[in-house]
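Heads up, the next two complexes both have chain A, just with different partners, chain B and then chain C.
After this line comes the complex of A and B, so read on.
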């Protein structure tokens, strides 16, 4: 069980010029346990800031945040974060990266290596455990990052456009890896993306942010496992039209709607 | 077709999964630069030619053989050096005195410089206090500071070690500060969300991530420290390689001056190679993957 609650959360930054910017304004949100929530929105809408708030990496200017009624007061291994940028430590071998969170928590060496090895295998990297990150490709590094977070058995999974920089094929492969791992324990997930198709493929629920506010909140009832065909179902297309309009691509949708 | 001849056969003979063979991209890694050896040999040849053909008198430039001879016969024991109150242990004991000073000062300076450099990268207030101190310490000519150290510490090791620490710490501080400032903040955030506390963050993230740059600073500090140590001994030290050079200079014994300088150069070179190898091993995660080809 891990229910994430945000109540009237605001986050204000001061730019170097002195101007105040409200990145997140008055967001209230409950993410139920085991729910896979995607947050989409145009660039600069506050979605990454929202994720960093829940991760505890930055303090909220005002409002309350909690996981199962325990207030969020800083980063915690129970809220694992997969970063947009490369976060795999280049000075540790793949297996040491994956077992690092367990090491921090005092798990003994044999045990943590065993766990790390099993997660490396599950992300399809059983054969590179002693490799240095420098020897791995971008997609492989993302797999290491995903394995690292899962090996730490977080109750909440936070993902900040984790696959944004990857090519199409690698991205689809990693969606599969992610859904397989998630299927076992069904951690509560908050997944930030700018990719509507990615959100449709992964989420139980899609939240749209604009200007620091939540402007839409939709349940996606598509059956799992989802395929490329699921995205062509009428229900999916209806969701997608609304989502694209939110992203300012209304013209694209009107054209599609005009054709029978 | 013999197996050994495969390398010359070209692509079509290459097996699907190539077994590890000689890397073709880049030269094999040597512990030293072959061009540097060529340069050193050229310098030695020039030196030998200048003295052998009497282009320069032996008093100004003693031949290499005579210098080597002087090192050998005065290395472990030297009544000659003992006459100058430089101990009974010959060149070796004077070298040892200088080496100990350089190494001790470097260790202390690393501890201080890395801690202060990291702290300055993390805390603006500390940086505001430490930066002017460190940057002015680095600009005061040693010629000015050295007499003060002599007054404060007297004719002892402490004066030379303190002078070296002042010099080393400035360099290590600046490199550590820059390394910690430049470290990608994603690594720090990743460490924090994985459950690393402040101590682990410092040792597992900041220190390991900053190591390559800090090592660069340590090598620069070490390279400059040898000459500085010899110089600071001139202002008052019981012994040391700088004192040997000073004593010999007073008597115009160029052969022994060359012997002392050559011995110090060899020590500095060996230290640099050893330190470079150790640092290379500790940061081996940065080496590019090796490409293998047939």
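After this line comes the complex of A and C, so read on.
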């Protein structure tokens, strides 16, 4: 069980000029245990701020946030986060990165290395465990980050546009890696992306944010496993049209519909 | 030919050229600082007469009598004099370096530890580091006398100021994402300092450490100028009284050698500690190093 609840959460920042900006406005949301939820929205809509709030990296200006009724008061290994930018420690070898969280929690060396090796194998990096991050590609670094967060056995998995900077093929490979691992552990997932297709491939439910508010919340009933072809199904197209309209791409949808 | 070999050969050629220039200057400049004491001593004097004269600074022992007690000038006495005075200077230098490095680094880290530690440490440390260092030597002499403690504390002060500034800047430039990443994995503050802050700050702190190595040699010699009974700085000062430029020059060469060895050892150690850095960044770091 790991149900994430947000009640009337607000987050206000003060810009360097002194102006106040409400990045998250009165957001109430329940993410059920084991649910895979994607948050999409245009740049600056507050989706990354929302994720950082749930991660406990920033305190909310007002409102309540909890996981299984326990208030979120700061970061916790129970809420693992994969960042948008490369966050893998460059001064640690791949295996030390993956076992870092376990080391922090006092797991003995033999056990944590065994766990780390197992996750490196599962993300397809079994042969680079002693490599420095500088020797790995962007896609491999993301695999290390995914292995790291899963090795720490979080109950909630938070992902902030983790694959945004990757090429199409690598992104699809990593979706599969992520879904395989999630299929085994079934953590509650909150995944931020700006890519509608990515959200449709991954999510049980898609939340759309605009101007710091939730403007749409829809369940995606497409059968799993999903493929790129699944996105061409009528149900998927219907969802996609609505989502693209939310992102201000309504004209594009109409154009596509009009084309023979 | 490999680039490193070319660099090394070029360095050797420049050094040999400088030595030749010195020799030419010793021929062209006939002045004397005192009767029989050339202002620019040639290598034939430095390698024989001057080196032998350093046995004047051997206090006696190991079967070699002190010149002051009637013993003859010998190469063994000269070598022992160089070794014992170098040992005294090095001990002061490295003790001061360790002490200053530890205090400067701790204060630098304390600035980022919490708001209260920043309030207590930042302003006093910033004020202390702006004191003109050389003007403090007489004060250190009066407070602690011409003792090991006085010299060491002076070196520590000089080094600590550089370490403090370097540590504050290095910590300030660590990307927040690494600290956030560690926090989400369950690292506590001590673990973050040990496994994130220290390794992440090292590449930037490296230039401050190199700077402080140079400063430490300057500080220890400057401190020995005033009243020390042993040490390479003391040999330079006592040589100055009698116009022994050749002895001053030879001791300066020893100092140059020791400083070069210190840099080389640190370079080797730091290369190991920055093994993880991208190659271009590591090369750039080395190219800008003094």
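The rule is short, and it goes like this: the second predicted complex is superposed on the first by the 256 of 260 C-alpha atoms of A that agree within 3 Å, B and C clash if a C-alpha of one lies under 4 Å from a C-alpha of the other, contacts with A are read in each partner's own complex, and residues count from 1 in each chain.
Methods note: a residue touches a chain if its C-beta (ideal position, glycine included) is under 8 Å from a C-beta of that chain, and two chains touch if they have at least 3 such contacts.
Just so it is clear, the structure is predicted and the values come from calculations on it, not from any experiment.
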Should chain B and chain C be called a clash or a fit once both complexes are overlaid on chain A? clash
Of the partners chain B and chain C, which touch A:105 in the superposed model: first, second, both, neither? both
One more residue to check, A:237. First (chain B), second (chain C), both or neither? neither
After the superposition on A, what does A:165 contact: first (chain B), second (chain C), both or neither? neither
Residue by residue on chain A, keep only those touching chain B in one complex and chain C in the other, then list them. 55-57, 74-77, 79-81, 83, 85, 87, 89-92, 100-101, 104-105, 132-134, 148, 152
Hey, which residues of chain A end up touching chain B in the complex? 55-57, 74-77, 79-81, 83, 85-87, 89-93, 100-101, 104-105, 132-135, 148-149, 152
Per the contact definition, I'd like the list of chain A residues that touch chain C in the complex. 55-57, 74-77, 79-81, 83, 85, 87, 89-92, 100-101, 104-105, 132-134, 148, 152
Help me check something: in the complex, which residues belonging to chain C touch chain A? 177-178, 180-188, 191, 195-196, 199-200, 275-279
Of all residues in chain B, those that touch chain A in their complex: 184, 186-187, 189-197, 200, 204-205, 208-209, 211, 283-289
